[in-house]
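Here come two complexes built around subunit A, the first alongside subunit B, the second alongside subunit C.
The block that comes next holds the complex of A and B.
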């Protein structure tokens, strides 16, 4: 049962503060000019002016460094202990692109194989989505099937309206929470929310953007399905530095590596850390063989993963158009341009 | 800067057409009007892709390491700051002089990307850019956009020791940016050096804490030429892959010491860092120390001067006792 309400900015902060009584609040917090999803004991710390966070909110469900267990050897016996995972959490301020990215990550960690580190956090977390107030320079959610006011993936979604917010209970859990805390909300309706979203989207999409040209993702995928070896990838890879910026800042990239660290030999820990398919040792095998020996194969893999493999496996594209890689790639490897280039290559075939 | 751009194109076209070089590494227009990107031109008819403007901040010298085994000869576009990397790579015998042609640009100064993004609308077409003492003037489809030097000029340009390349086979641009003498004194480093220990520690902690260990600083660095990097090694795992303040600090400090004497303050590490860690300050501290302790010039500024940390003098004062 959906519910439609309105909430003022002040009440929203108070609502979040109320939620911190029995939950952890993870929200956009600005520290030294970077906005990250961080624990906010005081809802007053929450930043509402951000375009989007530096690191995507995947880091809450899938931290960059995570202890799986620690071990000790005493009197010839192994002792294992597992860290406790966080309890009830509110993840506030997730933008529509990142909401969609969580839907793309769910089937990876919580599908055929259950990764309890991810899925426990996921089950314990209520996600409050926050619609965009402006379109960033690298943003292209609206070109890959999303939109700056799309609520999919949130439990509660907030659409900015003047200085206030229109609130939707998207899931039962979200609706329950709004109903329980109804004193912070005033009435609204499905029609009003719908109207604000439509008009807001129109307004936002009128902002000037740089790259012109429409995307046709199904056609792009059909091209990728049929074409693995094309000279384009090699040329693109010339300028790639092979760093991990695009993958680490990508809200759907999810590769990790597991290492044991035992400095004394008698105690240590098993850790998983993010890994990147752009690193040259990512696919290096024990015998010395590397199936992706050069940057060409590595750059190709990243885009094949976003626009083909992820869709093949989970029926959802691996790119949500958040624009982080567009903005931060030091050598301007821009997926928007790659899509347009490949469409042109496909058209010429 | 149209003049410089035209000269780069004309010379590149000639070099490629005559077979004097087989590839030109230069700047090309990016997907956003506030960005440029490295381009690799192999045919004379493609030289139109080469640009030069105040958004050519990156140092392309690192690509010479990537193309070390390229069979032909390479021409590369460098600004004053980037040219020091060429000298340093030659001194380390990472590249061969006869395999490269240096297209040097006396650089009038480069624009801060944040400022460019704030002022240049995403759909504007930039047709001409000029820089002089009063600042940057960009002629765009949406009208003239200006930046004073105070707001627009990159910090590394303000502290530029030589905007004119220290090595070049072809030199473009008449007059480069001339830094104020006071800005060449490493006062920024001295200010941090003078701070109390706790303050310095927390200054770096707050930045190292947010490092993602994406290794963009290392991968873009022309001084990083090891075939195998200590940070990629698993056995032994000198530095753990865990991302936390302790291991991140180890990463940055080891890297800073490792490039000491080879770092030419080109600023690539700081430019590429997605977490805005002020890495130049760390490297400049070491450059300042080398200057003071060895009386050595900025690394890469003189092809004939042996790098301070790469040779041993028999009359070294420390060897006299």
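The block that comes next holds the complex of A and C.
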């Protein structure tokens, strides 16, 4: 059962303080102009002015580096121990694009082999989504099936309304938490929330985005299904530096490396850390063979993954339109332009 | 700590025997503490992640057949940092294992059929799990004739010599054809590259599946020759290798198009392979 309420900003901070009495709070925190999803000692530290974080909030469920196990050799035998994972957590302030990215990551990390490190955190985390108040320079969620006030993926979703917020309990857990702390909320209705979201979306999408042309992802995918070898990928790869920033900042990229560290040989750890399909070593085999030896194959792999492979495997596109790669690519490779280019190539076929 | 089993945490097992196959390849017999395979129950063709804590991990095919009840075997060529260190291990040393991973050879589908195995060099290792399964006394009656064409650069590079020259030829309806690339002193067997030997032998495709594994250049010509002999793409089976880290479809590096070799492979029929991008 969904629930629709209204909450003032002061009460929202108190609500968060209440929720995080026995939970960790991970929220947008500003440090020297950089906003990141970090542990906040108090809900008062939460930044409400951010557009979106530099690093996506996937880093809470899937940290940049994390220990898989530590080991020591005792009496000639290896003793392995798993790290303890964090308990109850509130992940606050996740934007709609990033909410959707978590839904794209879930099927990667569960499935036949459930990844505890991700799943434990996911199970123990309440996600509070926060609607957007402006459209960023690279934003295009609304072009890839999302929207700046889409609540999918949150437990509780907040739509900014004047200085206050309209609150939706999206999941049963979210609804329960609002009902239990009803003293912080005043009444609203599904109609009011819906109206505010519709009008808010219209208002936001009227802002100039510099985006021309319509995207048709199913049609794009059909083209990619049928066309693997096209000269376009090689052309695109000339410009790419292979730096991998697009993959590190992508909220749906999930590639990782596993490495061991043991300074003494008697104790050490195995860790995993984010990795990138843009690097040559990523697929280089011990015998010297490399299935993706040049940037052409690697650039193609990234875009095919977002607009074909992820959809093939999990029935959800791997791009949520957050725009981080658009903003941060040092040579301005822009997936929005790539989509339009490929649609043009497809049209000419 | 999670209450379910952690799929990327290895379990430590012990090396109980080591066989020198060639100058750079060894077969390690592995058992869990107290003996046996524990709950590591694999199918022919599946793989495992082997590791040494503090050094690293690699995906290795399980070369022993599931019909070997009490142990696992891994045939490992010295090619990199981890395999170099594994080669220095001795009987009694520990090694980490997790798995089994991947799909397997379709041994049920092969029942009642003749089987042609074609392997080159060290790549006999993944096929060996199925060969020993099919030739096992309990299963031999379920399969037709078995032909094994196997070649290596030199006599030294032939793996599993005891099985090749002593055990397998004694099995019912089983022919072993061994070849080396260049003539050498003391070798009175066949001399030819594997694809050429296949062409000479001309095994009929009738009621038969062909399974092949070897270096990419060998595979390329073997597949061409099988086609010439009339083998259909859905009757030709091979296995692929890719660099892997997680082995469970999450780390993202072993994809060929939308398929992950660690989950959807390593075993592919040729008609399936032809559907995939040629990026392997």
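Note that in this section the second predicted complex is superposed on the first by the 349 of 349 C-alpha atoms of A that agree within 3 Å, B and C clash if a C-alpha of one lies under 4 Å from a C-alpha of the other, contacts with A are read in each partner's own complex, and residues count from 1 in each chain.
We adopt the following convention: a contact is a pair of C-beta atoms (placed from the backbone, for glycine too) under 8 Å apart; a residue touches a chain by one contact, two chains touch by 3 or more.
Note that this is a predicted model, so its numbers are computed, not measured.
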Point to revise | Room on subunit A for both subunit B and subunit C (clash or fit) | key: fit
Exercise for review: May I ask you to decide whether A:259 touches subunit B, subunit C, both, or neither, giving the answer as first, second, both or neither?
Suggested key: both
**Study point:** Touching partner for A:268 - first (subunit B), second (subunit C), both, neither
**Key:** second
Practice item. Examine A:111 and indicate which partner it touches, taking first as subunit B and second as subunit C; both and neither are also allowed. Key: second
Exercise for review: May I ask you to decide whether A:77 touches subunit B, subunit C, both, or neither, giving the answer as first, second, both or neither?
Suggested key: second
Revision key, fill the gap. Expressed to the nearest 10°, the angle that the Cα centres of subunit B and subunit C make at the Cα centre of subunit A is 90
Check your understanding: Touching A:249 in the superposition: subunit B (first), subunit C (second), both, neither?
Key -> first
Check your understanding: Counting only touches as set out at the top, which of subunit B and subunit C does A:277 meet: first, second, both, neither?
Key -> second
Exercise for review: In the superposition described above, what is the shortest C-alpha distance between subunit B and subunit C in Å? Please give a whole number.
Suggested key: 6
Point to revise | Residues of subunit A contacting subunit B in one complex and subunit C in the other | key: 257, 259, 261
Exercise for review: Going by the contact rule at the top, pick out the subunit B residues touching subunit A in the complex.
Suggested key: 30-40, 58, 62-63, 66, 117, 121-124, 206-207, 210, 212-216, 218-220, 232, 234, 237, 240-244, 271-272, 274-276
Review point. Which of the residues in subunit A come into contact with subunit B in the complex?
Key: 31-34, 36, 54-55, 64-65, 137-138, 207-211, 235, 238-239, 241-245, 248-249, 257, 259, 261, 271, 273-274, 276, 279-281, 326, 328, 330-334, 336-337
Check your understanding: Which subunit C residues qualify as touching subunit A in the complex?
Key -> 1-2, 4, 6-10, 12, 51-58, 79-80, 83, 94, 96, 216, 241-243, 245-246, 248-258, 263, 277, 279-280
Point to revise | Touching residues on subunit A, where the partner in the complex is subunit C | key: 68-69, 71, 77-78, 80, 82, 84-85, 108-109, 111-116, 119-120, 228, 253-262, 265, 268, 270, 272, 275, 277, 282-287, 289, 291-292, 297, 301, 304-305, 308-309, 312-313
